[in-house]
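My structure is below; once you've seen it, I'll send some questions.
Chain lettering (A, B, C, D and E) follows the sequence in which the chains are written, and residue indices restart at 1 in each chain.
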Amino acid sequence: MGREVSESCVDSLLTEIVSTYCNGFYANKPELAARRIEAIGYQVGHQLSERYTMERPRFSDHLEAIKFICKDFWSELFKKQIDNLKTNHRGTFVLQDNRFRWLARMSVDPSSENSSSPQDPSTMAENKAAQAVGMHLYFPCGIIRGALSNLGIPCAVSADISNLPACDRNNITKRNFDPCLVAPLTAHCELS
Amino acid sequence: MAPVAPRSGDAIFASVERVNAELFTLTYGAIVRQLLTDLEEVEEVNKQLDQMGYNIGIRLIDEFLAKSNVSRCVDFKETAEVIAKVGFKMFLGVTASVTNWDADGMSCSLILEDNPLVDFVELPDTCQGLYYCNILSGVIRGALEMVSMKTEVTWVRDMLRGDDAFELQVKLLKQVSEEYPYKDDEYSEV
Amino acid sequence: MASTACFMIVSRNDIPIYEAEVGTALKKEDAAHQHQFILHAALDIVQDLAWTTSAMFLKAIDRFNDLVVSVYVTAGHTRLMLLHDSRNDDGIKSFFQEVHELYIKILLNPLYLPGSRITSSHFDTKVRALARKYL
Amino acid sequence: MAAIYSLYIINKSGGLIFYKDYGSAGRMDTNDSLRLASLWHSMHAISQQLSPIGGCMGIELLEADTFDLHCFQSLTGTKFFVVSEPGTQHVEGLLKHIYELYTDYVLKNPFYEMEMPIRCELFDINLAQAVQKDRVAFLGR
Amino acid sequence: MEPDVSIETSSMIRIAVLPIGPIPPSHFRDYVSMLVRHHKIELSTISSFYTEHQKSPFAQQPWDSGTLRFKFMVSGSPPSPWEDFQSNRKILAVIGICHCPSSPDLDSVTEQFSAVSKGYSSSLVQRCFAFCPGDSQLEDDRKKGGNLILFPPADRQTQEFHLQTMVQDIAASLLMEFEKWVLQAESAGTILKTPLDSQASLSSEEVIKAKKRRLGRAQKTIGDYCLLAGSPVDANAHYSTALELARLTGDYFWYAGALEGRVCALLMDRMGQKDPVLEEEVKYQYNSVILHYRKSFIQDNAQRVSPLSFELEATLKLARFLCRRELAKEVVELLTAAADGAKSLIDASDRLILYVEVARLFGTLGYHRKSAFFSRQVAQLYLQQENRLAAMSAMQVLAMTTKAYRVQSRASIAKHSLPNEIGSTHTDGGKIHHHSVVSLFESQWNTLQMVVLREILLSAVRAGDPLAAWSAAARLLRSYYPLITPAGQNGLAIALANSADRLPSGTRCADPALPFIRLHSFPLYPSQMDIVKRNPVREDWWAGSAPSGPFIYTPFSKGEPNHNSKQELIWIVGEPVQVLVELANPCGFDLMVDSIYLSVHSGNFDAFPISVNLPPNSAKVIMLSGIPTKVGPMTIPGSQGLVLSDPFRCCGSAKLKNVSVPSISVVPPLPLLVSHVVGGDGAVILYEGEIHDVWISLANAGTVPVEQVHISLSGKNQDSVISVAYETLKSALPLKPGAEVTIPVTLKAWQLGLVDLDTAATKNFSGSTVRQGKDGSSPMLLIHYAGPLENSEEPPTNGSVVPPGRRLVVPLNICVLQGLSFVKARLLSMEIPAHVGGNPPKPVHVENSSSEEVTGSESKTDRLVKIDPYRGSWGLRFLELELSNPTDVVFEISVSVQLENSNNEDSDSPVDRAAAEFGYPKTRIDRDYTARVLIPLEHFKLPVLDGSFFLKDSQTNGTTGKSSSFSEKNAKAELNASIKNLISRIKVRWQSGRNSSGELNIKDAIQSALQTSVMDVLLPDPLTFGFRLAESCSGQDAKLDSPKESDYQVQSTSSKGSVLAHDMTPMEVLVRNNTKEMIRMSLNITCRDVAGENCIEGKKATVLWAGVLSGVTMEVPPLQEIKHSFSLYFLVPGEYTLLAAAVIDEANDILRARAKTNSPDEPIFCRGAPFHLRTRSPTVASLGFKLAAINVNLDSLPKTPEVFSLDFRIWFQNAAIQP
């Protein structure tokens, strides 16, 4: 295992990327901000993939490459592998990480979102929250895409945060008994 | 209740969650590159990095304090030492050395021989004038501000510019004590 | 050390991003051209070969007269190509591997745009040093 | 047999940013809690001025006959204090731990704005666990 | 070595094809092409020609399925030293080809043919084909048979058929020859040698071995013949024995040969279909072939000869056999091996052939870079031999490499090459496709690319192909100039120049050299010639196409709403057009472009070439012009795609966005209106407010009549155009080509804005004239016009599209000079006392007052004091206009007040208007003077005083409420309206020294002047008083409103406005109520003398009176008047002033408001105007009468001292009269 730094370094960097691009430069253009963040991730992925494939033989097919992402690559980054890899054999792969570190510290508070309108619009708050979290997910998506396309697999990666920690209320109770929190990330790679 | 003894940088670093430094380095690098493309002006990028650093610093300080158990520093000298030995260690896994104290102990240099931020980095000619590590200065500034020290942090040496080390000059401007009336005398003996 | 050796890095889209005439033989310009021609031609063979094996080091894949082309293909399909007249695969292999590391360093430089020309003088000197060491 | 009644977090400018009730005793409504917070903020400040020894950090323990009030102030000026059953042990440790939780789950939550009231679910959850008595005891060792 | 060899080659019969006698190459080529078609002859087809002499040695010959294969060696080939070894190398037949027309003497032909045939000792059959012989030749051909075969002229088919049969005949006879040969060989045996065999005579103990060898070799050769005879099975048998023997005798070379033969036989037997098993077999066998060739390498004669070439050939054969993508790996190995052999080949030409073959095979394998590489090797070999032909071949070979190196000549890419005037990119839809010339810079192989291009250039120069040389040099220079040293650039420039000299003028090269060219812009039609789409359905097609604002000259004001998107351009047949292009010369030498012009694929364009000179590293924008000649779409190739570094940039010219190339369509001729202002197009100089006519003449300069015209205005100050004689123009339609029409336009100069003012002040007028002419402040006429809807001469090119209309913009450039400038207006009031006239002036109702005034025909002065009988002229108001004349001419001002009377409709008729106007004396203002003009406002009054004027008070009176306030509101409104129209009746006309005339616009000036006191001026007092003399004789009171009456009055009093002293003068005071309510009041009348003393009361009273003068209470009904009679007796003649005043009882708010009282209880006091009264002393004649009169009256008078004194005075007067 090579050199290490405290996790909070990366965490705070991430936070800053997002806030810089979402609240700073492109406050009113989320899609642009998203693209920038994704691009940053892409570069990282691109570089790291080159880095971590150094000692291993080249991949002869896509599945191998994606397996590599799920196993070695992921554990290099997060010290754990992707928990679940699904595919429809038509070029779509679903990678699922049930304890995604970068979400582990996030809790979105809907009420904080809609301070202005106290009544009901929890739904709106929900997806605002979802959107906010989504911003943080463009980075990992970028990483995956960068890595894959460097391995000669151009693809589109999207993250699914349907069951984000604080996004659904009902599993808080469950959490109370279980100190290790669930922070799932699901990434869809569409090979193009 | 005797307060818990301060812990050594290594001890803390060993205890905190750690991640692959390359991820950190590259992420930071990617940010810098993106900023360069978005802001075009190198000066702007320096500013932005410093700002980001500041934002990080004002949050990070608490984690630092919480995990390091350092009690209030007697004076700026001690503060600097703590930053160099504990702070850097606990976050970046490297330690800095403190030198070049001026007469009244109001400014000093933190020297980093080893800096994970700049692994693999090489400044192309197009980026002359870029303070690649400017985020660090921001962090320090932000962190110290939270413990009521207004400081000015500037780069003196930069390996990317061919120097033999990274040297940050930290100059203590003043103690902000407005919101801490009860801390008036804290540095009185300094 | 090989009398002739021309080293070249070709990006995934067949663009040379670095070339160096390493070799003891005194450099003649048209000779250098000839070398590039040979390497350029060898790409045809590499592109077929690369998919048949998962090894990075493809050994000598092509030759012209007494000049041999050895190739090393990274996962990102960047090709390190060496034209040489001496035949010590081990030396070449380790040369490639170390250059690959250097290349990755370059690639890891956030300020380097992947696929663009490698201008780092540091890289150049390192590569030449490696050539002296291994070829 | 010691119980934590409630936990307060006050930001450096004296605003109450977190309040939580544990157990039945000493409940108060929001206003009272706010009042208590600001009152404590200033008392704490004054206490330092009053204290005979220089560089005093302010009240750490206030013992009343119905409750104890333990206070911990971080160097950044954030004050954590718990109101507990008289004679509760190891509260310093608890406060310390709370401080860590605060840095982990509040400050590291990208959606938390500095100095603002804390609404972080994860923080709540972890607090809940921390406050359990056995944890308290455990922390003490 | 031989080119193009394959495994099957061993089964091919070589036939030399030779031209006999002179033949035009084209013909020869043609004949040959006819011949070579027959390279496969079915055995079945030749059976008819075949006659079996003896038992055929080819036992298993497949007559039904087998074939003979021919390999035609056009113009022959030198005999090979290896003929014995491989019989297929022998020339086994000779075919002469003769073109009879060019070689009449057939005998000589025959001789020549037999002569050349001698050269081919190995040939077994000779034929000479003579094509299209003349009749005579056919004649004498009858006599001699032999080898000469004539092909009588006939249609192609028959000839081909004829030829085929002849070839079949040849085949047959060859077959028979083979049989002979084989039989003879089997019986007698042969001596077969190859250059390999050592010359040394065989030693005795080797003889046996040698014999065996000979047998083996013979078998092999027989095998060869079997192959040639198309009988693989026989061949196989012979080869097997041959192989056996060769192996025994260690005759590797022949072993290999036999093996080759056997493989060939194998393939022949399989009739070409391949299967993996066969492939494996072939591969296996051939590898051993190659192996044995290598084995047979003998050191001692290696210098002289080596089997290497056979080894390589074998390799190539195998490679060619296997050459498939799937087998790439093996093929590559084979080819690489073969290529390796090259260096050890002795013969240079062998090496050449080898490389050619390798290149080909790589090519077929799809390895283009590889094949390019070897092609280049070939080219270099060619270039080594310093001759023209070699250079040519080198050139051709290199040309094949250009694709792989991405340096194609554009000729090879775009068949219709672009004109090199306009850069190197196609454009359509304004979008720029970068050309491969550009794309090649993304691939950084430019060192290679430059090398290749240089070699092409070199070979082209050597080969003397100027065009190729040019194209190569151009490509080099254009694409790589940044990488080429100035010296190198010059070299290339020279190369270009040289090849240019050697090219026929007008040659166009597909590859642009310098300069770089990019489209700069399409200058639009001058707005004078604008074209406007017209759609036939809309009648007013011009609508919406009018340019807005002053930006008419900018391209975007062309009316198309979507200028930003793709813009389209219409060019007109016969009208010149321009295109701006930018040229750049980034190189270090002077560039002389001696003819550059627009050239258009669609060819419907006459261009005017120009020549440009570009200094080193410079860029220029030039205008290319031309005339469209035919209707239709036109495409102009677009702008330069960027190369290594933007050449324009490095020539310091600005970066230019990609100009979107408009889609240009050429339309048939349109009418073209040109305009000029009669009397010079210079700006019309007018003083502010001046009214002036300009005459604009429009001529149709086009070739099509104008049939539709529409005139509209645009630009600033549009209102300054008063009228345009649209009708005149309309009536002139259709305007034939050349016809002209002149239309008047009436202008009224506008007021200069403040800006204009001060600039006018600073500048002298000429200066400001220029300025005025320039800036866009003038209005312009937009004349939209169009020709006939479909024009007769040209059929509509694109469906039912009507020819567009056009727009002519006629800027009316008016230069407005500051004329009379209005300084200020203020309100004056002065006292001109009124006289008590006999005539009871009518109450001035605005309506009839006018007529009233008019009828009274008095002198102006009199009119000035003509008074409102009730208001009197007291406080008469004047509007004083102060005007200054900054100009250099005299101005004359005439103020006129127009009183239009609302109640008679025909008030607009000139007569009435004239009648309804006042003229005031002209005022003359000299240059640089200011003068004041007085305008009496006496004639403006509102008839009634009612609540609406005092809205502020309305809430105090009881009847408030929405409705009332509403009514008040609009009452207010109508008040304002009436005020406005009052003001608008004042006209100030001027006439300048240079008899231009105009009007001064001072409405707002007046309004502002009146602002303050508009009420006082325009509102009547609640009560107005007037005095008049009552009728002395007739007691009947005058009907005031009857005009007749008034007339009478006028006459009666016209004599004099005065009364007699010492006479009781009956008088009347008329009190009018101008309000809408009844007014009650008490009236007082006083009379004052000159000194202003009250002369009715007091002891000094000099006026006696009868009737009530004070405290007369009366009620005046609304808008009515009441008269109160009284009499005065003036003791002393002189001037007196009569005053009437009234105290109003319980006044209402309106009155209060009017009287501006503040406290409700304070009495409201109205006084009338002073009336003057002159009293005269009576004449003597009348005196007595008067006395009497007095006496009469004295009785009625109280005895007072005054009487006596009065008496006395009379006396005194009499005394005075006495003398």
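Everything that follows uses one rule, which is that a contact is a pair of C-beta atoms (placed from the backbone, for glycine too) under 8 Å apart; a residue touches a chain by one contact, two chains touch by 3 or more.
Note that the structure is predicted; figures quoted are calculated from it, not measured.
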{"item": "Any chain in contact with subunit C as well as subunit D", "value": "A, B"}
{"item": "Smallest number of contact steps required from subunit A to reach subunit E", "value": "2"}
{"item": "By mean Cα position, the chain sitting nearest the middle", "value": "E"}
{"item": "Identity of the chain that, by mean CA position, is farthest from subunit E", "value": "D"}
{"item": "Maximum inter-chain contact count - chain pair", "value": "A-B"}
{"item": "Whole-Å gap between the CA centroids of subunit B and subunit E", "value": "60"}
{"item": "Rounded Å distance, subunit B centre to subunit D centre (Cα mean)", "value": "29"}
{"item": "Centroid distance [mean C-alpha coordinates] between subunit E and subunit D, Å", "value": "75"}
{"item": "Per-residue overlap in subunit A, given as positions that touch at least 2 other chains", "value": "8, 12, 14-15, 19, 43, 47, 51"}
{"item": "Multi-chain contact sites of subunit E, meaning residues that touch two or more partners", "value": "none"}
{"item": "Shared-contact residues (touching 2 or more other chains) in subunit C", "value": "108, 110"}
{"item": "Chain-chain contacts as defined at top", "value": "A-B, A-C, A-D, B-C, B-D, C-E"}
{"item": "Interface residues, subunit B side, partner subunit C - complex", "value": "22, 25-26, 28-30, 32-33, 36, 119-124, 127"}
{"item": "Residues of subunit B touching subunit D in the complex", "value": "1, 3-4, 58-63, 65-67, 69-70, 72, 146-148, 179-183, 185-186, 188"}
{"item": "Contacting residues of subunit C [partner subunit A, same complex]", "value": "12, 50-51, 53-56, 73-77, 100-101, 104, 107-108, 110, 114"}
{"item": "Residue numbers on subunit D that touch subunit A, as the complex places them", "value": "104-105, 108-111, 119-123, 125-126, 128-129"}
{"item": "Interface residues, subunit A side, partner subunit C - complex", "value": "43, 46-47, 49-51, 53-54, 56-60, 150-152"}
